[in-house]
Amino acid sequence: MKIKSLAAAVFMLCTLFSGIDSARAEWNASSPVSVISREDGSGTRGAFVELFGVLGEIKGKKADLTTLDAQITNSTSVMMTTVAGDAYGIGYISLGALNDKVKAVKINGAEPSIENIQNGSYTVSRPFNIAAAPNTDNAVALDFIAFILSPKGQEVVKAGGYIPVAEQKEFSSAKPEGKAVVGGSSSVSPIMEKLAEAYKTVNPNAKLELQVTDSTTGMISALNGNYDIGLASRELKAKEIEQGLKPVVIATDGIAVIVNKNNPVENLTNEQVREIYLGNAKTWDEVSK
Amino acid sequence: MIRQAWNEKIMQGVFFVAACTSVLAVAFICIFLFHNGTLALSEIGIWDFLSGTVWRPNIEIFGIFPMIVGSVYITAGAVLTGVPIGIFTAVFMAFYCPKKLYRPLKASTDILAGIPSVVYGFFGLVVIVPLIRDLGQFLGMGGNGNNILTASILLGIMILPTVISVTEASLRAVPSLYYEGAAALGATHEQCIFKVVVPAAKSGILAAAVLGMGRAVGETMAVIMVAGNQARIPSDIFQGVRTLTANVVIEMGYAADLHRDALIATGVVLFAFILIINLFLAYLSRSK
Amino acid sequence: MKTMMNVQQKFLSYKNCPGSAMLRIMVLLSAVLTFGVLLFLILHIVVQGLPHISLSTFAWNYTTENASVTPAIINTLVITLLSLCFAAPLGIFSAIYLVEYAGKKSRFVEIIRITTVTLAGIPSIIYGLFGMLFFVVSCGLGFSLLAGSLTLTIMILPLIIRTTEEALLAVPDIFREGSYGLGAGKLRTIFRIVLPAAVPGILAGIILSVGRIAGETAALVYTAGTVAQLPGSVMSSGRSLAIHMFTLANEGLYMEQAYATAVILLLFVVLINAFSYYLAKKFVYA
């Protein structure tokens, strides 16, 4: 151990001082997969685990069985930076956040794209839900929700890289005055920001406040009235609906499974992804077997 | 005259009340955290909570032993990397630094201290992580660079300013007679410093190390980005860990009910750590 | 101490003690490493961030297009001012009590000293938790600049108490005795004689706290919230500069703007330090 850490220190100094960027080694399929996952409770993780069946039973309860060796991050950018730098990494992000620093693999042969999600060949997607505070009479909030579901609002959704809802209602703003607090999932927030901006051009009288927190906080705060509209990047839990929240789907978001650009893997099956995240397939060899 | 006496009394009261606020604040923080934390502790069982090695909040298994281990490892790593370099740099600042360089260098350690931890986190993620990843693969240890070693190095850098400034102050507090006496006996510059002045400043340097340790234990935002955050006990320094602070920040937003209380209880454990370190520090300063 | 020796003499003197030579190398190496890392860190941020700063970065209103920092800067200023409004009088008054009223060895001073040291050592995430439980929920302030400022007040209190205490202790007793000798009361002596003499030290503490507030994230995310718009009042939620950077970076959509914000934060830190140096210099010579 001592010798190793000494070697580590010496190597560090060498790299630091000479600035050698050690040449990227050739792709080696026997290398371990480095699995990266979102944190427990994240809407993205919940949807991912559900869709790929990374589930099992412990003590008679349905449980998320993502391997404990998976690196955990609570940020999409950390996920992307890590996969972009680690040749053997695998992770998952919202399709709307995907960029060309990483490679999104096909799932069961289907490319993650808006068309493929709409025609049903790419099945890894989850709804973006919003829920107004129960019995709210906040005119701005209600007007804003109507705007989101209108063709104009859905145009913004599409421009943001998400899949618009099928059923759109025409809408003309009543231009109510006042303030509405919108808050919740950090995955929904980027598109909500754009929607709020678009809404302002329709109704300049309104003031929308956006709190970036997370799905669960969004729902709890909508229930207790701290938020007028809560955002969730997952299906609402039975308990939340029971307490009076009515979910409204405003968009569908694909989840892209991402790997490093040097990774030759182009396609993964549901089964393969599940084995990776359960920790059963530990090297890329085993994955492609 | 009587009015003036009243004024004196009133103001003394005001000063006293102000002085009490800090005591009150500590008391309040303790009460709030312990009140919320003990709920979870009593439900989970304090022993199961502290010694449990599995953390799966979605099926209500709460064991924070891996996180305690994680915090201890990373703190130890930060102290091992940051403290020696910090002490040597402080010696440099106090005894070697050319006069012209001193002010800019001193100013730059102050800047190092003022950089927000989020910035350090990104620096670690973009610069240190790839370096360690290559190192790991070079040594055949694998791992993707988000591990104990990376976090230790990053935290080592982050505690440098604290260690440097406290050590330098304590080195300068040693009367110059010590150095001159040793020099008169024919000792080299280094012998004077490391055999005479440094031992004389021992307690101050120890305090610097402990202060640095406190910073390392409590660091959150930077650690989350580079430590990997796996809630399991690591087997070598190329594996990721989750610290107590990371556990709170990562899951706080989602948590509800018992899970949330368990996270607050994690904060209580962290608080206990800090208290122990502080008591140690108080003991050090008293024995000085 | 710094006798000029030429290299050869130096080499000869070290030949007899290889230990000394080793130590010297270690010292120099550490210094180079420390300042090398610092330089690298700063260059990294500036190189990544500077190209992305433009006029629109400072637009009055935040939009997703410009990711403007102006509201964040205003929020940071509001939070800083509010926190100082609470913390500075409290901290300075406590220090006055500790130094001028309580006996040097009194039990009370001992207790307060322990608590301030404890407060100073508490990690910011714990302040965040406490602030959320107490100010946001129990006091019903909600996510607001006020809740954030109150949380930070507790956080910077020990810093102000400690620095003020040191500054007051550094005022020679002759000042006080002279004032009493001329017939001034205790209060008058404190406000007219002791405090003015201690101003530079107190200011140094306040500037240090401003630095801490500017860099704070964990304690503010849970108390002040993350709204990116201009604040309406102290009861509205708003993100400080550090949180602005954190949220921009979090979803990976605005990395360039995040680095640009980091440059501005860095600039802020440099300015604060420069200001404190300037003050220190001015008062030392005066």
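Labels for the chains are A, B and C, by order of writing; each one numbers its residues from 1.
One rule holds for everything that comes next: a residue touches a chain if its C-beta (ideal position, glycine included) is under 8 Å from a C-beta of that chain, and two chains touch if they have at least 3 such contacts.
Note that the structure is a prediction, hence the values are computed from the model and not measured.
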For this structure, which two chains have more C-beta pairs in contact than any other pair?
-> B-C
Relative to chain C, which chain has the most distant C-alpha mean position?
-> A
Averaged over CA atoms, how far is the centre of chain A from the centre of chain B? Could you give it in whole Å?
-> 33
Whole-Å distance, C-alpha centre of chain B to that of chain C, is 17
Roughly how far is chain A from chain C, going centre to centre by Cα mean, in whole Å?
-> 36
Two or more partner chains touched - positions in chain A | 75, 81, 213
Counting only residues that touch at least 2 other chains, which ones in chain B make the list?
-> 126, 249
Among all residues of chain C, those touching at least two other chains are 33, 249
Under the touch definition given earlier, write down the residues of chain A that touch chain B in their complex.
-> 1, 4-5, 7-8, 11-12, 15, 22, 25, 31-32, 34, 36, 39-42, 58-59, 61, 63-64, 68-75, 78, 81-82, 85-86, 88-89, 213-217, 220
Of all residues in chain C, those that touch chain A in their complex | 33, 36, 63-64, 142-143, 225-229, 232, 236-237, 247, 249-253, 255
Would you tell me which residues of chain C are touching chain B in their complex?
-> 1, 13-14, 17, 19-21, 23-24, 26-31, 33-35, 37-42, 44-45, 89-91, 93-94, 96-98, 100-102, 108, 111-112, 114-119, 121-127, 129-130, 133-134, 154, 157-158, 161, 185-187, 211, 214-218, 222, 242, 245-246, 249, 258-259, 262, 265-266, 269-270, 272-273, 277
Taking the complex as given, what residues does chain A use to touch chain C?
-> 16, 75-77, 79-81, 93, 97, 99, 186-187, 189-190, 193-194, 197, 207, 209-213, 226
Which positions of chain B touch chain A when the two form their complex?
-> 54, 56-59, 61, 125-126, 129-131, 133-135, 137-139, 141-146, 149, 153, 224-225, 228-232, 236-237, 240, 242, 249-251, 253-256, 259
